[in-house]
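Order of writing sets the chain letters: A, B, C, D and E. Residues in each chain are counted from 1.
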Amino acid sequence: MLIGTLRQNDADQPATSENVQAALGGTGFFWLDLDDEAADGTVSELLSVHFGFHPLAVEAAEKFNQRPRIDDYDNFMYLVTRGADPEHSGQAEVHCFWTDRYVVTVHRGGCPAIQEVRNRIGRHHASEAASPQIVIVYFVVNAMVETFFPFLSKFDDRIDALEDDILKQPTEAQLGELFDMKRTLMDGRKVIAPQRDMMASINDGVTDVPGMTENATRYFRDLYDHLIRLADLVDSYRDLLTSVMDTHLSTVSNRLNVVMKQLTIIATIFLPLSFLTGFFGQNFAYEVRVWLSPTWSFFVVGIGLQLAAVVVLLWLFRRRGWLGGPTV
Amino acid sequence: MLIGTLRQNDADQPATSENVQAALGGTGFFWLDLDDEAADGTVSELLSVHFGFHPLAVEAAEKFNQRPRIDDYDNFMYLVTRGADPEHSGQAEVHCFWTDRYVVTVHRGGCPAIQEVRNRIGRHHASEAASPQIVIVYFVVNAMVETFFPFLSKFDDRIDALEDDILKQPTEAQLGELFDMKRTLMDGRKVIAPQRDMMASINDGVTDVPGMTENATRYFRDLYDHLIRLADLVDSYRDLLTSVMDTHLSTVSNRLNVVMKQLTIIATIFLPLSFLTGFFGQNFAYEVRVWLSPTWSFFVVGIGLQLAAVVVLLWLFRRRGWLGGPTV
Amino acid sequence: MLIGTLRQNDADQPATSENVQAALGGTGFFWLDLDDEAADGTVSELLSVHFGFHPLAVEAAEKFNQRPRIDDYDNFMYLVTRGADPEHSGQAEVHCFWTDRYVVTVHRGGCPAIQEVRNRIGRHHASEAASPQIVIVYFVVNAMVETFFPFLSKFDDRIDALEDDILKQPTEAQLGELFDMKRTLMDGRKVIAPQRDMMASINDGVTDVPGMTENATRYFRDLYDHLIRLADLVDSYRDLLTSVMDTHLSTVSNRLNVVMKQLTIIATIFLPLSFLTGFFGQNFAYEVRVWLSPTWSFFVVGIGLQLAAVVVLLWLFRRRGWLGGPTV
Amino acid sequence: MLIGTLRQNDADQPATSENVQAALGGTGFFWLDLDDEAADGTVSELLSVHFGFHPLAVEAAEKFNQRPRIDDYDNFMYLVTRGADPEHSGQAEVHCFWTDRYVVTVHRGGCPAIQEVRNRIGRHHASEAASPQIVIVYFVVNAMVETFFPFLSKFDDRIDALEDDILKQPTEAQLGELFDMKRTLMDGRKVIAPQRDMMASINDGVTDVPGMTENATRYFRDLYDHLIRLADLVDSYRDLLTSVMDTHLSTVSNRLNVVMKQLTIIATIFLPLSFLTGFFGQNFAYEVRVWLSPTWSFFVVGIGLQLAAVVVLLWLFRRRGWLGGPTV
Amino acid sequence: MLIGTLRQNDADQPATSENVQAALGGTGFFWLDLDDEAADGTVSELLSVHFGFHPLAVEAAEKFNQRPRIDDYDNFMYLVTRGADPEHSGQAEVHCFWTDRYVVTVHRGGCPAIQEVRNRIGRHHASEAASPQIVIVYFVVNAMVETFFPFLSKFDDRIDALEDDILKQPTEAQLGELFDMKRTLMDGRKVIAPQRDMMASINDGVTDVPGMTENATRYFRDLYDHLIRLADLVDSYRDLLTSVMDTHLSTVSNRLNVVMKQLTIIATIFLPLSFLTGFFGQNFAYEVRVWLSPTWSFFVVGIGLQLAAVVVLLWLFRRRGWLGGPTV
């Protein structure tokens, strides 16, 4: 069974087989939006039998998780556009077919962006500025592209938070998260870069789009501008993530330094003191008899020497600036 | 209420609605500078109703924090230019509309650069060299571009100071600052690169600018030259920041080495000595009776052995160059 | 003896000398697939004597492990295509010669991709869409290109697994594996990049291919699209491998920190305590006689002081957040 | 007062105002070299009043420390060329104006390269090969470009010396020097890259140079070749400096390892031995009475156990290859 | 005295002055190969006086250690080609002059590649395919280019061996070698990249070569292909060397971890035990009299407590996975 919406003369109907064939038989412009969640071949059959699209394109429209691209067929255009989809839900991918007379969009499951397009298109009065199919394609691609901005904005905040966390307390969980973020960024780049190149090829006139007017190019230039900015952002974030990773390593090394200084201070104080107590704990007869027997020797040598050693060491540490420094 | 200045025939008037309409109704060249700080729609209304600019451009002029770009509309040009704005005050962004007859600039709040343009334009006698709108646009963009130079110069000094600080004493606060500097640089790059590309497209003739003469191209080539230099500087600083980060890590590692050498020296001296004192503190009857009872044994074995161990260890350390080295 | 298959009119025959000469003498299209595993010159002789290919091309076809490329000879095309071959078995390299009338493919040993091409070509009905030689060359190159996808997919999983392993327990074996993976990636890049450039040169029309039609370009654009994606993947994985290497270093440094903290805690607790026991183990007559003789002094000084020291140290550690942290 | 040299008909005269005006009034070719060290406006006045150069170019010639570039004015060319100037003395910057009839060069202070040009130009017999102004400009730029080679050659030696020093003994002073070298390289790059691009634009014909002939292009191609090589060198050195920095970090880490092994060896030997002496220094009545009283127990247990422990530990160390290794 | 070989009509003669002048006076094609080891000006004189080459080219041919390049003079081509020369012997540099009628090659000392060219040229029957001067130039450049392959192949093996060595035992000598290898690679790149660009300019028709035919381009395309591959290899090796350096650092850090764990284990076992022995070695009267006097207290407290501590610590270590791990 077909699931979808047929929009004609600013009105939406369910996309039943009869409705679609009536629209195809008519002469007015229409937009058919199909949900191929079932992936049971109904959509493919409709596209190949009733619309007569090229088998290669119909076959392509059956596969999701594709590289965004635009293909110029003899009598129609085929375009794949994708949005941000960090959870790999597959809900941010739309395949568009369009000719002079209609636009067909295929997606899977509840694609929130398409619903938004339908809302916005009702409010938009650009019919005089550009042909309706260009406007719809623009809105669909735009809705996809715009999903990246909030996503990257959250990403941006996360980088800052991570940097702050690392400076507070570097942990191994952060390393794992940094790697995951790099992966996510890499996924985003694989979807953004081809869309940017696609828009560049449309703007440069390398790809010829039906319904394109001087006025309509402005829409695609706008998309191109957004996509360049996105690609730049992704590259910047990749650079920043490397910086955060470097900060992690440097912070860990720095703290190691602090820990080691503490260990060295402890050892430098107590190893000499322990030596002294050991020295006066020996069983040499002469030592016990002569050196250790007077009462004053305990206070002067036993305690005084210890205190003197501590004072000298503290003075040394202070001179080197080891005291009063950071304590992790 | 409109806030702004209308400049006509080298004289400034407040930009009241009447003045603007009079200027529009006249035939002379004028420059209207608007302050849209209130963002209450007055400016937008003026631009769309009285000037009749394209809705897309008017809508764009309402949003600040935009990517610099130039858009070629049928009857006017729309240009966004930005300057250095490290505190995100939003005071370094100007939107320009211009036609053959007038220039309209829109900014928010006290934009110091615009005031400077007004001063300089009074002193400039280039009217014969280029059309007045090109001169104003040049001055506006130039004022924006020039804000980057003192900013980057301070940045440059800060990098050197940071490098010196790190070599003196590496801290974690420096890591945070390095990250912030990288961020700032990244923000700068996002504003400089598109302006450079914009000027390249004007110089190459890809973007057609009204009022452009052979003579006027020199102005834009000058801007292009400045922007290339800025972009190069930003890339160089990014490279230097990475070097500073590496210096931090290496310095920390180096100091760890010094600390560890100190710990090793202390341990290498006192662990053997403590062993000796421990050895002579044992309670073996034979040891106490025979080895430890003669007076000479205390001086020869108890003290002499200790001194001999210290001498040997110091000689070993000296041979390895561990003494007299850096002490953090 | 010749080993191979001659395909004519959708039927396969063994590629005996007679069959090949009959096909050459005929006028129908044929595809000759040769297995040059013996490398005994039979294939070369056939190519140069009967087919009359240029000596340079025949000589090239004798050497395997070549850089993929396409060469335009006066009366035929010569193309080298390669697939994923991580074990260097040499089974993923095919050399193609083609003219208007026939295609000759040369490979070594059991090349599984060629067998798959034979299966697919039987099912494919593209004869009307493109000339048969283009279809065969497309299928051969495509079969090669597609071998990279499962290979890289495994690679992808391996990277993730390695990252997880490293975060669990970093070892030196992982470093060796990371290096091997970088090598493998480098090998893949050396084979993928030239094929991508080759397809670009065909698509841009720089290389003129016989039998090329508007429709046929779609096949090569498809290959180009795949190869760009592969090259992007390889670059992304290289980037990720560097991240994994950084994770390794950071994890090791982090664990060093944990180990050192533990050592410092142990030393900070037991060095002072040992000093105390040493202090009360001295043989000063006064100390033994006065300080150490009362019963309460053992409990208060000998045990109480120790406990107090432990309590103070634990309190210090807790304040610094050293207790309850990760224990590797 | 004007300071400079006027060269006409292979003879040098001081550049007095009268001489310059006589030369300007004449018809022969001349080269005027001006030293603007005073920067008191005399030179600017001469250039704008007598030579009638465009105010923008005259203004530019007053500022030193400029980005090298070439500007094409209606009736003259303006070129800024710079050489190696690691001490920022400002003596390696020359501004050239030239037309069909004369060349004017402006520099500040004793510019050794200009003197050398004067010497070489006397010996050069290229008048038939290229127009005299091209020859002079070539010699001036060439003299500037050639100052980089000895400078970079010294730089090269310094990198090698630094690498050797670091492998001998890594210090923090080296880190500071590495950073300074990177800075110097960055300064060099900012001067070399624009000159290379300038020569490229001349060679490609993008910039139209008066007096250019087929033969003259050879001179500029030669300069271009030198500048490409310089830019490549600078990039290579930057790469090498990063390697040297990595070597520093790795060497420091390596030495830390050696130090820590030493500490571990010392601790592993003496902590168990000290435990043994401590054990036999206890005051348990049974231990003292039974275990420690026989004479043989001192030799067997007191000394023998210690020796056995040392032997076992040394055997362990040898098995791990810790003995006989590097000792910093 | 001239040293060299004159090849005419497939026969070699010594390059005496008379022979060369006779060949020049004749009309047949000849190849003159000169050895300028003496560098006494004889060769330069011959080239400028008898051959009449441009002074700039003759001067260039006197200097060795040049950047490979091709220069197009009015009546001849001048080409510098270089091969692998890791020992800087200068024996892998050839300067070629060629016109329609002859080729002159200049090298210094025993250039093995030239001898090989002479051997191969006797066996080659390409006279019908391309003009003889193109064939000779091709063979000379090819001989130079091919010297890189065995060199880089050895380099490749060395990288692998180094990686294995580092994983076995990282040393500082390896760091020095890594740096030397990077240097060598940089030297190679400086020679390979310009030759690749040179071939690209010939293939693209930017540089016009006399004697070039459709057939002859195949030779240069072959060289271009080799040089691209070489440049790719050099870049890959540079990348791998960086990986090897990272492996070194990570391995050293890893081993430091192992050493520190060992130290921590030793300290964690023996510091508490030593504390216990110290505790029971105190001279508190009550302790000695009451706690330490019963026989069972020695076995239970003196020995039992020690064993219990060891057991608890070993259990702790096992739980953390510290036992049974790698021991360097």
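Throughout what follows, a contact is a pair of C-beta atoms (placed from the backbone, for glycine too) under 8 Å apart; a residue touches a chain by one contact, two chains touch by 3 or more.
Predicted model only: the values in this text are computed from it and were never measured.
Participant: Which chains lie in contact with each of subunit A and subunit E?
Facilitator: Shared contacts of subunit A and subunit E: C.
Participant: Show me the overlap between the contact partners of subunit A and those of subunit B.
Facilitator: none
Participant: Roughly how big is the turn, in degrees to the nearest 5, that lines up subunit C with subunit D by CA atoms?
Facilitator: 145
Participant: Please compute the C-alpha centroid of subunit D, do the same for subunit E, then give the distance between them in whole Å.
Facilitator: For subunit D versus subunit E, the centre distance works out to 24 Å.
Participant: Go ahead and note the Å separation of the Cα centroids belonging to subunit B and subunit C.
Facilitator: Using C-alpha averages as centres, the distance is 39 Å.
Participant: Identify all positions of subunit D at which a residue touches two or more other chains, and write them in rising order.
Facilitator: Within subunit D, residues 249, 253, 256, 260, 263, 267, 271, 274, 278, 281-283, 287 contact more than one other chain.
Participant: Quick one: do these chains touch in a line, a ring, a star, all-to-all (complete), or other?
Facilitator: Its topology is that of a ring.
Participant: Take subunit B as the starting point, go toward subunit D, and spell out the full loop of chains.
Facilitator: B, D, E, C, A
Participant: Provide the residue numbers of subunit C that touch subunit A in the complex, in ascending order.
Facilitator: 163, 167, 218, 221, 225, 229, 232, 236, 239-240, 243-244, 246-247, 249-251, 253-254, 256-257, 260-261, 263-264, 267-268, 271-272, 274-275, 278-279, 281-287, 320-322, 326
Participant: Going by the contact rule set out above, which residues of subunit C touch subunit E in the complex?
Facilitator: Against subunit E, subunit C makes touches at 56, 67, 69, 71, 169-172, 175-176, 178-179, 182-183, 186, 189-190, 193, 238, 245, 248-249, 252-253, 255-256, 259-260, 262-263, 266-267, 270-271, 273-274, 277-278, 280-283, 287-288, 292-295, 297-299, 301-302, 306, 327-328.
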